[in-house]
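Heads up, there are several structures right after this.
In what follows, chain A forms one complex with chain B and a second complex with chain C.
So, the complex of A and B:
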């Protein structure tokens, strides 16, 4: 927050921080996420293998032959693959979320601020898009273009853009109708200045929450596409790919499934918990409460 | 609503037919084919025509109830659809039953006994389920209710059984009911948790209303107040989210069918998408979209049943 909105808004953000850190469950989420991020960053440094390196140790259990978490059916080191998988998941999710939020802020902002036929057009388009189940969009995109990194990103943006757009639209419309915006308009402030200075900052809190849920959603969708064979494919170290490949060993070598499976769950769950905590902390109605 | 379905279908058509993507190599198996033969094949499927002509023919066939033919093996999409639909419909039916059971039990109990141990467990469960991908919970279910009981020789706990083959009344299996349990629960779980949460917060909101206090003050039994006064009013927002969540159930069903190797619509579409067999994907997608829109319409109409204050003609049905 910048100097000119100090006073009220500074204490608002302090209040938000206090309430967020008072929430034990979100702190647990934050801790798990931090650990996973550290693993993702330092995994390749501490590991002696690379994620697509084939070794002679086929399906050995954890802590055997120098493989901390064992190896998969091709003798690849699971620890290395999992840490690379976390990094891939997070990278994809962050890029997708960034693009989705940019699209959402611009389209939703335009629709919400100007209203009228622009709003109508954008809203009807969203209505249409919503009727299509998300996997179908992914199927269509990926079956037509194949599966490179950026195509997976495109498919995920196409499944995620409308919720950010819809939310930002609603948020802008709500803030727009507030009295102080009327007052700014009445005193002759330019439209661009109203959008950037008066509406923008106040429409941000809901975006932060959506940010968290979009990241979690993108990680989930990416793994779903990979599992179904329409996202990343072997030998890419995606958690979904690893889980998909582990299905044949569920009976004899369950760790091949449980390790990437639990990492994926911890990753999405930690972000969902943080998002939940943020939602409660940012809600002005809950202000002052614990 | 029809406008939305039309637009969504057109969008799907555009995704598959306007974007470059060539179904012919599927038949030829990636070999290079002489240009004359290529032309013949294109003419056979009408792919040499302008997009707008293809689009017109697509709708003409659709109105005749013809969804087209697979590029891969010339099989009619209608037949492929019929095969997958029965499995998916049964799966969804049992999932819906399970979902309502779980959602209402969990939602009601955690609202009535707010702050109790049960409520706290329910909250953890409902948040936790959001972070678990469906295919992971499917595999977990297979492990804990299939692999593990098998290894331990606990046959009573083994629910990892084949999907039943014979049914009475369309949905009741003649034998092997255990085969339905896991897939149905896995499909149901995500939305059940979501609905339970909505129901809980909606109920807690309603409970603060004056008429609830009045009803208790009149000396009505708590059971009557809960079920007649509170639940009915709390249902309205829940029904709203139900309409939008029903579309997402398709994604859930695809993963479940894949995990449990069920020959349903979802796994059929997924396999066809991998092969770039566009007529099959498009044909099945239309059915899925129309079905989703139909359920949404029913949900919209049911507002009037739950809440007589809402008149149907005043609502925009979309």
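So, the complex of A and C:
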């Protein structure tokens, strides 16, 4: 199976891009995400309200009294709060993912490349760490340090770092034993260059895929924390906080629950769809195929 | 005769495993003269690859240890050469071709990039010059339309073309020794002959010594000057190629020769096989490693390791060869 461009040599990333954009489902995911990001950026600007502004319109439905998506039980504009919520979720998720990946690439890289007792130490520590339920870690961190922005980030990093570490370790171990790394060594290439130029680029693709799932996972975990009352708290406009606060109106005024709820679902779903598309596009075994 | 450039002297390699010490190499000796093509033949697990990898210091330590022996490269022991200097030698003076060309090239870089990288690791040339040299090398090994194909990725190359690219890479820095570790095993039979031909032609032209590792006697027969036969971590016989094929001395080599299918045999006979399988090297073996499979084994074979004795320009390890009558009856 050769793509229509066989004969012309495409660089690895050109090829990846081509295959990603050939995948309709991930394009839908990308579209949803773009719309949500635009909302997150411009929503608060176009809205006449701010997210913690109390108005006299308590629990009015969508498109009433100038509230596009209605108001909650304190009269706050849901549209503004949701758009702020998306922005908060994405910011937290991106920071958490960035830190998790940095930790994962360095720790996992060390464990995978050097092996031996270093690998044992890191791997056993991860095994031990994994036993602790992530909600418990959140409870512990937040009950000790409070629930400010960076503490929530810390709690999420503490529950997310080890999956990226394990993954990158496995990836490096696999690539390290491949013939072309051996061949590079036999060619007299320096160890640092082997790690950076030969192992790195080939071990990265699984990380990119996990990146997407870590972002989606962090968004969900953040909401779970908020819902359980150990993450962001009122009046922070977090999607989890909004879902948690709307529980009492689920039967009378379902929109108060369903709007932030469906935005949360769409947000994570779109990212997971993109991740799926990336996984297929980045798989070197699929190169040249459509 | 000139001084050998590579002299493997009584090499021993052990691997420490959780089950105990595996004595993979138990005294391998080998000499290579400049420009000479020597075949290293043996079945899987006989230690051919470990010997070759040891020359380049590519066997991971641990688990490997080198209790005895030397690998002399132009008089310097490579086993005690620091990693820094070894890196200069790897790819520069000694280069290597691997068995599977499908996996020996990095999928994320172009073929040209990988050949240039090799050149630039060892020579001070510009990126542009290295690229030109890469094209030149590809033309030399017979890659058609090298100017265009230099920017192709490995997945756009067939197996034979990739192996050509590997040869181009290996020869790009004008090495004095080329180690080819089963260079044709992963290829189609028709391509095998071409690849061997290219290796031989370029090696002869450029006066490169070649250590050709294989388990295929047909491959070595045509190109090698001398052949060393390896069994269970020891060189058991060493001879110029014609003499080895005409008159193998050691019963193992003898069995190997009889196991080659012959196209011209008229009578439909069963192909000869050597009974049994190579011994487990865990913990080492007493006596001749081949004794348990040998039809001619005597008591002494089980307990005393035979020396690699000289038989006028060739050598073999067998107690029975000390008997004149045994030698005469061999063939």
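For this structure, a couple of remarks:
Here is the rule we go by: the second predicted complex is superposed on the first by the 277 of 290 C-alpha atoms of A that agree within 3 Å, B and C clash if a C-alpha of one lies under 4 Å from a C-alpha of the other, contacts with A are read in each partner's own complex, and residues count from 1 in each chain.
Operating definition for what follows: contacts are C-beta pairs under 8 Å (C-beta built on N, C-alpha and C of every residue); 3 or more make two chains touch, one makes a residue touch a chain.
Predicted model, so just to flag it, every value in this text is computed and none were measured.
When both complexes are overlaid on chain A, the residue A:179 reaches chain C alone and has no touch with chain B.
Of the two partner chains, chain C is the only one that A:187 touches; chain B does not reach it.
Once chain A of one complex is fitted onto chain A of the other, the partner contacts of A:62 are absent, as it touches neither chain B nor chain C. By the document's definition of touching, of the two partners only chain C reaches A:202; chain B does not. In the superposition on chain A, A:132 makes contact with chain B only, while chain C stays out of contact range. Residue overlap on chain A between its contacts with chain B in one complex and with chain C in the other: absent.
Per the touch definition, chain B reaches chain A in the complex via residues 4-5, 7-8, 11-12, 15-16, 19-21, 127-128, 130-136, 139-140, 142-143, 147, 150-151, 244, 247-248, 250-251, 254-255, 258-259, 266, 269-270, 273-276, 278, 281, 285, 288-289, 292-293, 296, 318. Residues 25, 124, 127-137, 139-145, 216, 220, 223-224, 227-230, 240, 243-244, 247, 250-251, 254, 257, 261, 264-265, 268-273, 276 of chain A are the ones touching chain B in the complex. Residue ranges of chain A in contact with chain C, taken from their complex: 6, 9, 12, 178-180, 182-190, 197-198, 201-202, 284, 287-288.
Across the interface of their complex, chain A is touched by residues 56, 58, 87-92, 95-96, 98-100, 103-108, 110, 117-118, 121-122, 151-153, 155-156, 166, 169 of chain C.
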